[in-house]
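Below you'll find the structure I mean.
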């Protein structure tokens, strides 16, 4: 219980950091913190498999990708954000965000979920039950996610192909690294 | 026993911060990260409720979210790279030729 | 599982096409042919299921009923027409057919969704290929469109997901078809969850004020992709909204109906209004799509079987008209990506048949009799009035009137006598384009002249209220 | 089955015309329109077929057309005027032009024949489209604007009427449990008092805009002014009847009690339009506008007859519709010839065209006299019957109508004399060609015949107007 | 129907054939053809009347129905043809005088290039006029009524190059339309009440009607307005004088002998209605008397030979209405007949003069013509004596019949007016006669070229002159001839001719003779110029007919023009602007909204967020 509070506070701090720090790299690092915090909460909530998945996928793959792109794109460019030229955007965003957030918080605070009397099985959230679900009734959804990942792969391929390359060659999957020449500005 | 409300409240705050982040930051990467944060907040809420209801489907949902996020990030970053690799600044407001 | 053969066929087709593209890079149109055949097969298979009694499959996560079959057919039509519009054009890339197939698969999934997970997966499956496709020509506008679509899509998906989480919290179930049975309580949690989910879906459906990505993305994307967005995405988003509200929340009388009603009127008027001053034809169609989303919402807002049928009905004429207009657009644009109103000058004299197709499509959008658009609007009006909601009817009328300005201006350009635009002069027909236009025109006029079969089919399929025993 | 020919000939013919080359398009269209006239004659002498097919069974919509006395002569008017308009068109307008004209003929035929409310509405909107394109593609400098005004203003009314159409059917369904759009079955509806004025108003608005009746004539000056003369004559001669026809076809059966309730208001409204149109016509400098506003006034006259809710007034209105179509259609064609000869539409004092073009002057005078209601010509007969009806209801309106007839003499003669008479101040213009006389003569003869023998039309109109007459009798109305 | 249809259709046939073939046949054939047809129909008319006379006195009606005119809204209205002694008189006069004038026109219009058109119109007029008098119901009458208006319009504006002729034609038509409309409403009222418009049907129901009700008064007023317009009774008189812009035979035929007496015919025809509306009958008499004296005084200072005659026509028509108003129907018809003779004669003679002077109509240019034109002078004199009421010329008898019955019926004031008018008539007619034919020639050049008209013109003039001399002797025959008509239905108590008091005759004739001497003294002895006195105030007023035209302009035309201008410039512009304004408003609104679509992703996101907030708020408040 206390753990959750502590982790939560740290996580919130990191989350705020994501959106306030000036350097994108710092943001990405803060987000790593958030995802790790989440993983810990998942653990507390008896979602062990997801905690592991969160660490591997988010902290391991996604955030690395982010950092990679951040460094790629910020290299040799101005790193900090200029002044916000959209008048009132910042204030309006914060206010509406707070309104929505507070509204939802009030909703949550007034909600009293029914607590189940039965105790949680020890295997809840483990690899086995989730696997049974995923490969059982939700198999198609899993397949769908797989298709999405495939799509992602194709997407990276398509989007950062050099001009004149009509069909996919045996190009390495790492995304958008070496193929960033000649495209993008080619609007007639 | 942990009250699910606190966890969901945490998720709400995370969601809120993510939403605000998308709207206030000009760097598309950070905006995208903020959006990921919103997804994560949702996943957190799912897991919390799954814990509350002793129902695995919430966790399955969270798993789907993580998996989908991975695919989405791949595509998203590719698009961002494609759009920004020639630009001087990572500024979303510069990408506003289409309007009206 | 047998009910999911169309989906499986399409997924298989996508994978096969991907493989073909990778293995045989020089075989022109091979991927397209594979996907097209898969789509045809899926369509035939889906049609063969017509007599099925409505049921839930896959642990109550998917609903197979006549609506799902109709949606399957509609989105396959959208997909096939988009594919044909991209036929023979190298600049969209060889991966376009499998990506489109995946997107269409997402739309089909939405048609069957009875569970929030399926909704989520379907929406993402629909969106991710479109993000890529929007940028696939790698023009500056395409990149901008893709980026805008992506960021806002991710943002709205976050909202959608959070709303689902709240719904899950309120009901302890992700299978929304059982909501009426398990919760009689109208809690704030339930309603705020619904609100957030509505926002997420409304984004995809392009409902004001969640519509703003639409014109930009439409304008920037390649035309076949825009067509898929305009037709397919709309079908998918509309059906999921209908499913969610009519399956999960039909017991909660009035409240959401009124909300959707307000949104419908707002959307109809704003969408059509903003279409008026547009000069870029695709952008105009984007706003027009927003306006039509408003019309679709009317059907849902009536909170009745009639309304649901009317919405279902409206999707087809809308899509056919979109096929006609995008098809003409595609022929005019040639190697370019942009068609402005002045590019249409003199077409009625130089390319009378093409002009005729454009006229039919635009008039269907405008809801003129003997086109499907009119019957659709008529159906919607009927539903609105049966539901004793004259405000919605007036909204339809005002929206249509405002939209007229937008639809008539391009038509007047066709009759510009003095100068003929260069694009029209250098226009070349293509067989694939002709097929799309032919289907579009025959369908539009056919539905307009003899709508009885479609009305019958749509009315027949309205048995989903009994699905849950509610 | 005759109906299939009546509708099919112009429709198929339109596409045939589109398929032939530009050079022979006009001849093709002439032949098709001629066949259509023959088909109408066959219709007139043969059995009055009705066509009644199931169309959209789910909503009780039927493809139901009849040619009762109300519609019969309007169908004839459409056939004749279309033929004349095609004759009067220039061959170099091209095949698309003739396609639209024939399509317009098809749509008008359907409109006047439809007795299913849905079908009526379909044709009601359909007639707008060809005119829109004709105005867009074949008219003067402001034609495009005129086209937009035409379509949008008309749809403004029509779409609200669509709500009314649907509402009526919905109410019927709620009353009886089954669907029907058959006008004849939609009578005696129990419309709630809250909805009733709105539904009534939606119909009235649409009809008033189409006619047009004051003050809904905003589209009229541009459309009449800019359109090519044959199209102006079709719009003013045939389509304008659709509005007042709607009052008879749709509103009289469905809204008889409401019409009676609002009668005084309606009468005052159209009486204002009557005077307004006449006064406007007196002060115009543009020759087409004189006729346009005269037409506005005439249509108010027709509406006045309808709203008198007497047998005489309604029969007179029916008759005047046909007569007015021929007269004003012919007048616009003549003015088109004049405009073509002199190159502008202004007429200023005296122009003395008579000097060089006596035949033109003769036909001009004939149509002008017909339009001003010279006794012996059909305008007079219609106006007499309308006044007869007004006398039975409220003699004040008869007085107003009479006053306007006097003003009509004034503005019509002002128009005729201003253009044709006086000392010539410009070089003489060419007279009518033989081709032009060839279509003017039959029109003039037709006008004379129905003027001398109105019974030919009115006797046919009676059975179809039986309901109206009956209704009037129910109210204890005097004749 | 005893040739009635043929009588009707012969002139129509003539008009159509002339119209159709005028460009093919030589020009002079048109006049001959028209005249031949008219003579033929005159013969037929005589035969028809003879046939009528052979019928029993109580059944002197020939009627028939051609075909239905309109049905469907009540009892049918048909093309009824109806000949009785009353219409028989008109029939004879129309065809007879008409034939003479047709013949005369062959000479008068000899040099006009548009002769064909002229005779076509003329024949058309005869057809219309015959239709008017042969009509068996009010509706057919009204059709004829309108068509004669048209013929009058066409003939007044015959010389369409003259702006004044064009204006005059329009004025005549519009003013006549006032009458048409009044009749139209009147007959609608009759049909509404009695479900018929045939004379026989109406009059038989009148017999049982209660007199003096508002319904009958109004109906009678409306029908009388129609008669006033056609017969140019004050205040609808303005057009008749302007109508002199037409060729002179037209003035003789239409604007003197026949058409303008259609009002007299209508009122005589409708005498049973006048019985039911005694107030209107008195008004008719009063207006007739007023018109008589008003027009007579207006004639005093006219400079134009035809205008004097026009005012005299007005004045004589006033007499006829005076007779009808007091119930002296036969006297009215008698005066119509004699008037047709002498006025046609006067006009044709004046036409000869104009013809001789090369188109000059100004009295100031005439004088002394008797030497050059003896036949014309003699005829003109006979007619002048007739119109002045000098015994034993025709006018004396008919005028005496009217004045006598006015006196007998007790309308003293009207009688005095009539008597004074008789004197005035004598004065201005002799002024005209003397200025034209006597005294020294005022324009030597014109005088030198003057010559007697050719025989084709002179013969009709002389025939009419003879009729003007002997026409008065038909009185007793006419009395008997018309008696069955006016006895058929109640209401014609004073219909038959009656003799007035002797002193009345003495005074009348005395005044006329006195007036002759005054005129002789002024214009022959003192050689006063024609234009003398026109600049003094009574002269100015009388010359302008007391400003009735100006009054019409101010009362009717200007207001309509002002209101019409206001409609055009304000209301209609407003309506058009409203249409454009709404469209522009939509356009501008859309343009104003476009910047909202700013292209900035974050703005779009904010829009989503705001929408989310609103929807959330909605959802939460609804629970």
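Order of writing sets the chain letters: A, B, C, D and E. Residues in each chain are counted from 1.
As a working rule, contacts are C-beta pairs under 8 Å (C-beta built on N, C-alpha and C of every residue); 3 or more make two chains touch, one makes a residue touch a chain.
Just so we're clear, the structure is a prediction, and the values are computed from it rather than from any experiment.
**Q** Treat touching chains as neighbours and tell me the shortest step distance from chain B to chain C.
**A** Graph distance in the chain contact network comes out at 1.
**Q** Among the other chains, which touch chain C and chain E together?
**A** Looking at chain E and chain C together, the chains touching each of them are A, B, D.
**Q** Give me the two chains with the most inter-chain contact pairs.
**A** That would be the chain pair A-B.
**Q** Taking each chain's centre as the mean of its C-alpha atoms, which one lies nearest the mean of all protein C-alpha atoms here?
**A** D
**Q** Among the chains, which is located farthest from chain B on the basis of C-alpha centroids?
**A** That would be chain E.
**Q** Going by average Cα coordinates, which chain is farthest removed from chain A?
**A** E
**Q** What whole-Å value do you get for the distance between chain B and chain D if each is reduced to the mean of its CA atoms?
**A** Here chain B and chain D have centroids separated by 64 Å.
**Q** So how far apart, in whole Å, are chain D and chain E when each is placed at the average of its C-alpha atoms?
**A** 36
**Q** Could you grab the centroid distance between chain A and chain C? Build each centroid from C-alpha atoms only and quote it in angstrom.
**A** Centre separation, chain A to chain C: 29 Å.
**Q** Can you check how far apart chain A and chain B are, centre to centre, with Cα atoms defining each centre and the answer in Å?
**A** 5
**Q** Mark out which residues of chain B touch at least two other chains, giving numbers and ranges.
**A** Each of 4, 8, 15, 18-19, 22-24, 26, 31-32, 36, 43, 48-50, 52-53, 57, 60, 64, 68, 71-72, 75, 78-80, 82-83, 92-93, 95-100 in chain B touches at least two other chains.
**Q** Two or more other chains touching the same residue: where does that happen in chain A?
**A** Residues 86, 89, 92-93, 96-97, 100, 103-104, 107-108, 111, 113, 138, 141, 145, 148, 151-152, 155, 159, 183-185 of chain A touch two or more partner chains.
**Q** For chain E, which residues are shared contacts with two or more other chains?
**A** Residue numbers touching two or more other chains: 583, 594, 597-603, 605-606, 609-610, 612, 616, 620.
**Q** Using the contact rule from the top, write out all pairs of chains that touch.
**A** The list of touching pairs comes to A-B, A-C, A-E, B-C, B-E, C-D, C-E, D-E.
**Q** Quick one: in the complex, what on chain D touches chain C?
**A** For this pair, the touching residues of chain D are 18, 54-59, 94, 96, 118, 121-123, 125-126, 128-129, 132-133, 136-137, 144, 147-148, 151-152, 155-156, 159-160, 162-163, 166-167, 169-170, 173, 195, 198.
**Q** Any idea which chain D residues touch chain E in the complex?
**A** 148-149, 152-153, 215, 217-219, 221, 276, 279-280, 282-284, 310-312, 314-316, 319, 350, 352, 354-355, 369, 372, 374-376, 380-381, 383-385, 387-392, 395, 398-399, 402-403, 405-407, 409-410, 413-414, 417, 420-424, 452-455, 458-459, 461-462, 465, 469, 478-479
**Q** Please name which positions on chain E make contact with chain B in the complex.
**A** 594-595, 597-602, 605-606, 609
**Q** Considering the complex alone, what residue numbers of chain E touch chain C?
**A** 583, 586-587, 589-591, 593-594, 597, 599, 601, 603-605, 607-608, 610-612, 615-616, 618-620, 622-623
**Q** Can you check the complex and tell me which residues of chain A touch chain E?
**A** Chain A residues touching chain E: 86, 89, 92-93, 96-97, 99-100, 103-104, 107.
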